[in-house]
Amino acid sequence: MHLARATWTEVADLETDLAVVPVGSTEQHGPHAPLGTDFLAAEAVAEAGVEAFDGDVVLAPTIPLGVAEEHRHFPGTMWLSPDTFRAVVRESVASLASHGFDRVVLVNGHGGNVDALREASGTITRHDDAYAVSFTWFENVGDHASEMGHGGPLETALVRHCHPDLVREARLEEAREGAAERWGEWVSHTNLAHDSAAFTANGVVGDPTAGSAARGAELLELAAAALARLLEAVSERDVSRPDRR
Amino acid sequence: MHLARATWTEVADLETDLAVVPVGSTEQHGPHAPLGTDFLAAEAVAEAGVEAFDGDVVLAPTIPLGVAEEHRHFPGTMWLSPDTFRAVVRESVASLASHGFDRVVLVNGHGGNVDALREASGTITRHDDAYAVSFTWFENVGDHASEMGHGGPLETALVRHCHPDLVREARLEEAREGAAERWGEWVSHTNLAHDSAAFTANGVVGDPTAGSAARGAELLELAAAALARLLEAVSERDVSRPDRR
Amino acid sequence: MHLARATWTEVADLETDLAVVPVGSTEQHGPHAPLGTDFLAAEAVAEAGVEAFDGDVVLAPTIPLGVAEEHRHFPGTMWLSPDTFRAVVRESVASLASHGFDRVVLVNGHGGNVDALREASGTITRHDDAYAVSFTWFENVGDHASEMGHGGPLETALVRHCHPDLVREARLEEAREGAAERWGEWVSHTNLAHDSAAFTANGVVGDPTAGSAARGAELLELAAAALARLLEAVSERDVSRPDRR
Amino acid sequence: MHLARATWTEVADLETDLAVVPVGSTEQHGPHAPLGTDFLAAEAVAEAGVEAFDGDVVLAPTIPLGVAEEHRHFPGTMWLSPDTFRAVVRESVASLASHGFDRVVLVNGHGGNVDALREASGTITRHDDAYAVSFTWFENVGDHASEMGHGGPLETALVRHCHPDLVREARLEEAREGAAERWGEWVSHTNLAHDSAAFTANGVVGDPTAGSAARGAELLELAAAALARLLEAVSERDVSRPDRR
Amino acid sequence: MHLARATWTEVADLETDLAVVPVGSTEQHGPHAPLGTDFLAAEAVAEAGVEAFDGDVVLAPTIPLGVAEEHRHFPGTMWLSPDTFRAVVRESVASLASHGFDRVVLVNGHGGNVDALREASGTITRHDDAYAVSFTWFENVGDHASEMGHGGPLETALVRHCHPDLVREARLEEAREGAAERWGEWVSHTNLAHDSAAFTANGVVGDPTAGSAARGAELLELAAAALARLLEAVSERDVSRPDRR
Amino acid sequence: MHLARATWTEVADLETDLAVVPVGSTEQHGPHAPLGTDFLAAEAVAEAGVEAFDGDVVLAPTIPLGVAEEHRHFPGTMWLSPDTFRAVVRESVASLASHGFDRVVLVNGHGGNVDALREASGTITRHDDAYAVSFTWFENVGDHASEMGHGGPLETALVRHCHPDLVREARLEEAREGAAERWGEWVSHTNLAHDSAAFTANGVVGDPTAGSAARGAELLELAAAALARLLEAVSERDVSRPDRR
């Protein structure tokens, strides 16, 4: 059930404790892909995963802003501080839980959100009246996962499949040429570059021309299936807290 | 320009300092109107107002959550604390301003956000590198404004016009019958009721059956024109700070 | 009972759950009225209202600082951030409530405090162990209310009545001449001016020469009667929280 | 100059950078002395000290609430958290400094405020645009200082001198009988008692019958002279920051 | 140079901008390894790495507490909230940078600190007057890294090498028997378990009997060499901020 | 029991509710004494005091950073803000208390920490699930206490006794010559100097040549005995909260 499209009376009739909150970012994705790529992807995966799951799930509205200051040198990028982002997540989950939707999966479309979501879901589970975990779609696409970049093959493919009008076909070649091969500058497993502008000229990492719409369809199906499995596990989990030793 | 649908290279080519951020809420709007009413309305008015304005404006993605704890007794209502909401607004404006979009109008669809937006826009203007003001659509619909309730004639009309599938026609009569006549319980210009559940049985204030789609079209046009006038004024305003006396 | 003048043993003997906290501001009020106008007015109204009410009320000391950064360009203006002001209010109410005075009316003398008081009283009522509402005196003076400005007829009248030595009679004419006619600069129901120095040369809004001491006496009586009615309503109100729907 | 009684135009004409902010508390002072003792004393000393000083000083309104949770078991005691109290002090000083009054003496009447004032004045001096120090009146009364208790000889004397109607003469004997001899319960220079209710039955420490009005007059004179000396030193001090070594 | 053992005059004579801050945790490491394992390891690696590096480095005292609430069910575990931990790191780096040591490597011994260190070093580098990165020793031990558990082969080996008296040889077998095979409970790349007590009976993950002292010596040498390479890279890096696109 | 050296299983076997947390600072102590003086002293006293006490005590790892911004002008000084320091203390105590060690003595080696420790221990005792007090070693050395300076006779003596290699004998004479005679610059019991660089050329206050190792041994014994007495008192104290009056 899309929460934003439902009435409160319809929500009152639901018998589930499961909710999904899509979280993304509005940030540069190269010269060919839209700034909204991350939240559009999170939203698409969340919808497909909820659809694939056998049971009722409350689907909250998508949070379009994330922890993206690393892209601040590229025009149009918006960001929240990690503190504010965590507060948004924590309070969103708390309000859902107040209505009984107290098993919540945060469906994420942005790498920069991963740490903050892990921390927030731990805090929620330990200190609030809810159980929360986060799920990042591009970690859940089988072998494709190794090709994740930024505005690269996977994200380009997914947007092409879900929002074909939003990929600038004419700029794909340019996007490929200005792209970096990998994310960051690494020495001793430490990334020396805190901002993406330090290592990518046009904001892209990976080859976006390898991101066909057909591949996007496959990615969506893989991610949706993985999310459905997670929803199943979350719905059945014993979420009582462990005993002290 | 819809920021989320644009690429950073397109944003870089813009020559404007104007941005609009739609802000709403996900909260009960009676048995007939969707929980997303406030952000859908803010989004519709923002789009129409930007369209009506003669000049470029960056249209940021809509913030779907607001200061709505007053509706917490109705299932599905989500809310942010005022502190978090203000932080979201302030950081959103700061990131837009970092790219030169430093005259920002916050287009609001929820009464509960008004105070927080006024405070946040004052803080931004006094202490950050941007000028911000807020605009609430239902204050800008001429004489209709006096009929604003909650899920009442104005909001029902606007949703019917913009998202006709989201109004439950079959429950309008029930919505009318359970509605309160006015917002709050007042003594000496003080509202004694901090939560809407104290004075409305079904969450509605006002008569939703008076909210035809035609009326919605008129409301949208009025609000859009008012927003365009505000954008004009903001674009021309001398935003340098006053002199000390 | 004036709390500050009482001993704790006298407070222990009281049988009431009602308290009043006067809150004001120290800020410019033109060349003719004192910087303390707002807290002196709040204090006078609070005293008169408590006197007019038939029952015991704890009258806390007056908080002399408020949310007044909008007047910062005028020498002598002091202000708290809204966050600090809300914390002062919330903690003041919490300490009163710890002694059983858990129905609290915040009696306010400054327009800039209104939003923060509404938020703080909502937070207190929803999350703390007390019920709180705020009352602003110049909204409770019948038809006079439409003439409220800043250092204008109403405030000048009240100070003249309560503290006649604090109005500079010799500067009233100058005050009138340099005054603005209305508060703010408005387009589409949005005030474009965040600071008063943007629209008033000498800090005054309205005509202070229309503020006679006799009018002040009338204002005080009207406001005190309204406050007494509010205290009556608060003392009788069922402050249990509403049921979830 | 009493800031609250002055107009902004009068403040604008001042040529000084000195300000004084009286800070106190509203807390139990035994069965004989008023809850306002601390702020009334701070106010009286501040006024007398400013009077005794040869030069202009801005005298801000008195802050009537302090760090007094230690007295929470006695009815009527109000308190701010140390964080909020420090914020009030810091923001008060910052607004005074914005007008050029950037050498500020915080005149204190409550032992529980001492640590927080020391921290706040250090923070202000190191990080803000002002120089601040705090002064506690009962440390500045010569040999009398050794007799300071709580609601004991010194405070009783000062209130008797400044506000004779506020000392309950009929309860002095009772106050004396229920008093503790010293503040706290000490082992190895550590006070084991965090709350005053742990060691005083009626809230008093010391013998209030030893606090005559004549002694109060002497205390006021001593404290005022000490404050005047401090104002002299502050006005002449080189407040530029030290060099790094 | 060990900062804590140096005098300020010796520090003043240094010509370097490099500093290292070891950060660990005090938390359960099974029945055989000490609660201090993580900070002792961080300290040992930091010392060896600084030694291996060809140049001067300021070695700050070790921070013995970290983000370890996940182990709270095991007696003796101490933890800071992520917010406080990040503040400690940020302020430590800021004070070092104030003396010119503004290229800082945070040498980490605890997996639970990784996210918070990444965030803090990004914040420092973007907003403060320093450049910071973090380094986690057990990611920098070549192929051994794949065997990292908790109190498992790697940590047991390192403690045995550096602090042989702190490993309880007699309890190694018991530690092995009660150990979990892997960290966490995973579905769709999401760890469902927020607390370690959910998946390990005695707090151990991995086989501690595979952690000989000789292996510990090798681990230390590998980690120290990697840290020395990172120090070299940090000392030579252009830390000016990237250009806006 | 040294917590960091123990295993969780050993901690689980303890039957005590007493814990000690040594807290110090890393800050300049003149040209002759190490920057770590304060935390090394706190650690030595804590160990000796725990040893002298007849009963089990958990000895937590030493917190090496404190409230020391006052020494910021001297190279190598590190500091935490008072807010962060208090959070570290409060969270450390909370985690110890979660395991049943809920009577905690904070053993302090730095004057600048005293106020913050008093506040934190009050907050903990009133609002958390633990009882806490702080103990500062140099207040507990009998008549020696009057000679406490900074890097002066007492601290020099203690370091010479506990860590003789860390006192630079060759620089003692220079240290003495550049020392100030007293801490601060005082007028009317107010210290006008917020930073130590304002009144001491080389960071020293007092005569370090008067700090022999033999004196250090005596100081340690005195302080340890005082701490043992405090532990005794804390272990036996009725820590239930007082009754309301």
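Note that the chains take the letters A, B, C, D, E and F in the order they are written out, and that residue 1 is the start of every chain.
We adopt the following convention: a residue touches a chain if its C-beta (ideal position, glycine included) is under 8 Å from a C-beta of that chain, and two chains touch if they have at least 3 such contacts.
All values derive from a computational prediction rather than experimental measurement.
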State the pair with the higher C-beta contact count; candidates are C-D and B-C. C-D
Farthest from chain B in C-alpha centre terms, which chain would that be? F
Taking each chain's mean CA coordinate, chain A and chain C are separated, in whole Å, by 48
What whole-Å value do you get for the distance between chain B and chain C if each is reduced to the mean of its CA atoms? 29
Multi-chain contacts only, two chains or more: what residues does chain A have there? 8, 12, 69, 74-75, 83, 202-203, 245
In the complex formed with chain D, which residues of chain F make contact? 69-70, 73-75, 82-83, 115-116, 118-119, 121-123, 125-126, 133-136, 139-140, 187-192, 194-195, 197-198, 202-203, 226-227, 229-230, 233-234, 237, 241-245
Using the touch rule from the top, collect the residues of chain D that touch chain C in their complex. 3-9, 11-12, 14, 26, 28-36, 39-40, 58, 60-65, 69, 72, 74-81, 83-84, 87-88, 91-92, 95-96, 98-100, 166, 168, 171, 202-203
